Amino acid sequence: MAELASLAAVVEAVLAVAGEPVTIEALLAVVGEGVDRAQVEAAIELLRRRHEQEGSGLQVESVGGGWRLATRPEHEGALREYLGYRSRARLSQAAFETLAIVAYRQPITLPEINFLRGVNSAGVVRTLVERKLVAAAGRKQVVGTPLLYRTTKEFLVHFGLPDLAALPTPEEAEQVSGDGTSEA
Amino acid sequence: MDPAVVAGEPQPRPAVVLDVFEGPLDLLLHLVREEKVSIWDIPIVRICDQYHEALGRMERLDLEIAGEYLVYAAWLLLIKSRMLLPRHEGEEKDPRQELVERLVEYEKVKAAAAELAGLAELRRGVEAVRCAAPDAPTEVELDLEEVDVLALAGALRAVMERHLREHPAAMELAPIRFSVREKIVELFELISRQRSFPLLSHLLTRPDRLEGVTFLLAALELVRLGTATAHQRAPFAEIYLTPTGVALPMDALVDG
Amino acid sequence: MAELASLAAVVEAVLAVAGEPVTIEALLAVVGEGVDRAQVEAAIELLRRRHEQEGSGLQVESVGGGWRLATRPEHEGALREYLGYRSRARLSQAAFETLAIVAYRQPITLPEINFLRGVNSAGVVRTLVERKLVAAAGRKQVVGTPLLYRTTKEFLVHFGLPDLAALPTPEEAEQVSGDGTSEA
C-alpha cells in the first residue's frame, strides 16, 4: 500500500503541472517500469478520495478523456477576487507597448500613438493614466489641438530611473534580444 | 623564456583542456591550485611560464584565443619582469598584489557560483502548480513588478519594427504645411531633454512624411547654428543629436 | 478549527491557480472580511504541514516574498518525462558565475561583472535577462552611466529563496577573504 501512496504522489505532481487533462496512457508512460494500468487507476482513485475528504482546496476530476487537478466550484468567488487583485498589479501587452511609446517619444498625442501602433489605443492610454504612469500635459498646436502625453514621476520611480535621459538607448536595448516580454 | 627556470626537460604535465576554462582568471586559478602553492605567494615565474605554455597549446590546436587571455598574458609578463628586478624592502608594493586580489575575488565568485549551482540542483523537479483558473484572462499580462527598462526598450523596438514593416518609406510631394522655424524650436526642446536624441527614428515615425523632412531641415539648421552636434557611427545608422549647451539664437532663425 | 480548515482550502485553491508566489497581503485581500493576518498565516501553516505529512505530491513553499504551491524534487524524473522539452534548460557555469556576482553584489554594472570574471560577459547577462533571472535597474552615476543589474523575483523562485537575505554564505569564500589582506 505504501507503494500505491507514492504512486499517487507522482500522479498528483504530474496532474498539478500538466495544465490539461492527462490520460491514463500518458501517466503509464511516465511512472516507470513495472506499473500497470490497474495500479495507476487505483492511485488516481486514492488521490480522488483524499481530496474529497480532507477539506482540500482541490479536486481530481475526469474530463475530456483524462484526469486533471482542479479547483472547487465553492472557491470560484475567491479565485475571481484573486485574479482581479492580480490584474491590478499587471499591465496588458498593449498597455506596456503604449507605455514604451510614450516613454521614448514624449510628448506625444493619442493620434500619433495610434499611428505608431496601428490600432486605436485610447483605452490603454486611459488605463496608463489611471495607473498614474502617464499623464496629459498640454496640447499640441495642430488641428484638433490633441492632448500631449508624458510619463510621470511615478513612472521614473517604478523603473528606478533618475530622469528620462537614463532610459536605455537603442544600442543598449539591442543587448536584450526579442521583445523583452517572452516567458522565461 | 627564462632559462634559469625552464632548464632541463620540461616535466610532462596533463594536457590542460582549455575550453573548460571560463577565462584567464579561471585558468590561472587552476595553475595555482595544481602547483599546490598559497594564493598569497604565487611563484609568478613558474605560473607565468605555464600560462604561456597553455596558450601555446591552444595555438597549436588552432583554437581561437580570446582577447582576454592575451591581456592577462601580457600582464603576467610584466609582473614577472618586475619580480626579477631587485626591489628595496618596503619601498613599493608587491608586483603580484593586484593579480592576487583579482584571483581571490574570482575564487569567491566561483565558490558562490558553486553554491547557486548546488541550490539549483536541489530545486530540479520543483515546478509551479498551475491549475486552470475560472475565466483566466486570455491576454498576456505583465507583472509590473517584474518588467524593467530593458523590457520597455524592447517593447518600443518591437513597435517600431512592426510600424516600419507596415509603413515602408516612399517619396511623395505635398504642399508645405510645416515651418522649419517651428520645427527648430520643437526639435531644440526635444534634444535638450536627452543626452543623445535619435533623429532618424524620430523622423521615421512622424505621421506626416513632410513633417519628417521639415524636421531634418531643422536638425541641419541646429547643427549649423552650433546648438547641437550630430553623430553617426556608420552609413545608414541612427543619427544622434547632442545639445552643445549653446542657446538657440531666436533672431537668427530662418523663416520657412 | 473548522473555520481554519476551510480558510486553508481557499488558500490552497488560490496558490494552485496563481502559478507564482502569492503574498500574505494578496491572500488577505481575497479571503474576505473578518480574517486577519495571523489567521491567514495559521492557514498556510496548516496547509504546509498537511502536504508534508501525507505523502502528498505537492509542497507549500516560501519563495520570492510569497507562498507557492509546487511539486517536490523527488518527482523530477516523472515530471521531466511528462513535460519533456518544456522543462527548463540548465544554466551554464558562466551563467552561474555571473548570477553569483549579480546576486551578491547587486546592483552591479556590466563592466564590473567583466572585471570580476576576467572575461566579457555581455552575452551571459543577456541570457540571464531573457530568462528573467536578472533585470536592469537604474544607472550608475559614473562615466558612461552604465546600466545597473539586479536579481529578480524569478531568481528567488528559481533558487527556492524567500528573499535575498536567505542567500547562502559561501563558506569557502569566507575563509579566503578572512585570510587577512587589505581591501582591494
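Should a chain be cited, it is by its letter among A, B and C, assigned in written order, with residues numbered from 1 in that chain.
To be clear about the criterion, contacts are C-beta pairs under 8 Å (C-beta built on N, C-alpha and C of every residue); 3 or more make two chains touch, one makes a residue touch a chain.
Since we're looking at a predicted model, the values are computed, not measured.
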By C-alpha centroids, what is the most central chain here? C
Quick one: which chain's Cα centre is the longest way from subunit B's? A
Would you kindly tell me how far, in whole Å, the mean C-alpha position of subunit C lies from that of subunit A? 18
Taking each chain's centre as the mean of its CA atoms, how far is subunit A from subunit B in angstrom? 31
Inter-centroid spacing, subunit C versus subunit B (mean Cα positions, whole Å): 26
Where in subunit A do residues touch at least two different other chains? 16-17, 58, 69, 71, 79, 83, 160-161, 166, 168, 172, 175-176, 178
Touching at least two other chains at once: which residues of subunit B meet that condition? 127-133, 136, 143, 145, 148-151
The subunit A residues in contact with subunit C across the complex are 5-6, 8-14, 16-18, 22, 26, 29-32, 50, 54-58, 69, 71-72, 75, 78-79, 81-83, 85-86, 160-162, 166, 168, 172, 175-178, 182, 184
Residue numbers on subunit C that touch subunit B, as the complex places them: 13, 15-17, 19-20, 58-59, 61, 68-77, 79-80, 83, 87, 90-91, 93-94, 96-97, 99-101, 103-104, 116-120, 129, 132, 135-137, 147, 152-154, 157-161, 168, 170-173, 176-177, 179, 181, 184
For subunit B, which residues are in contact with subunit C within the complex? 22-26, 39-40, 66, 68, 72, 100-102, 104-117, 119-120, 122-133, 136, 143, 145-146, 148-151
Quick one: in the complex, what on subunit B touches subunit A? 127-137, 139-145, 147-160, 162-163, 166, 193-196, 198, 201-202, 205, 207, 238
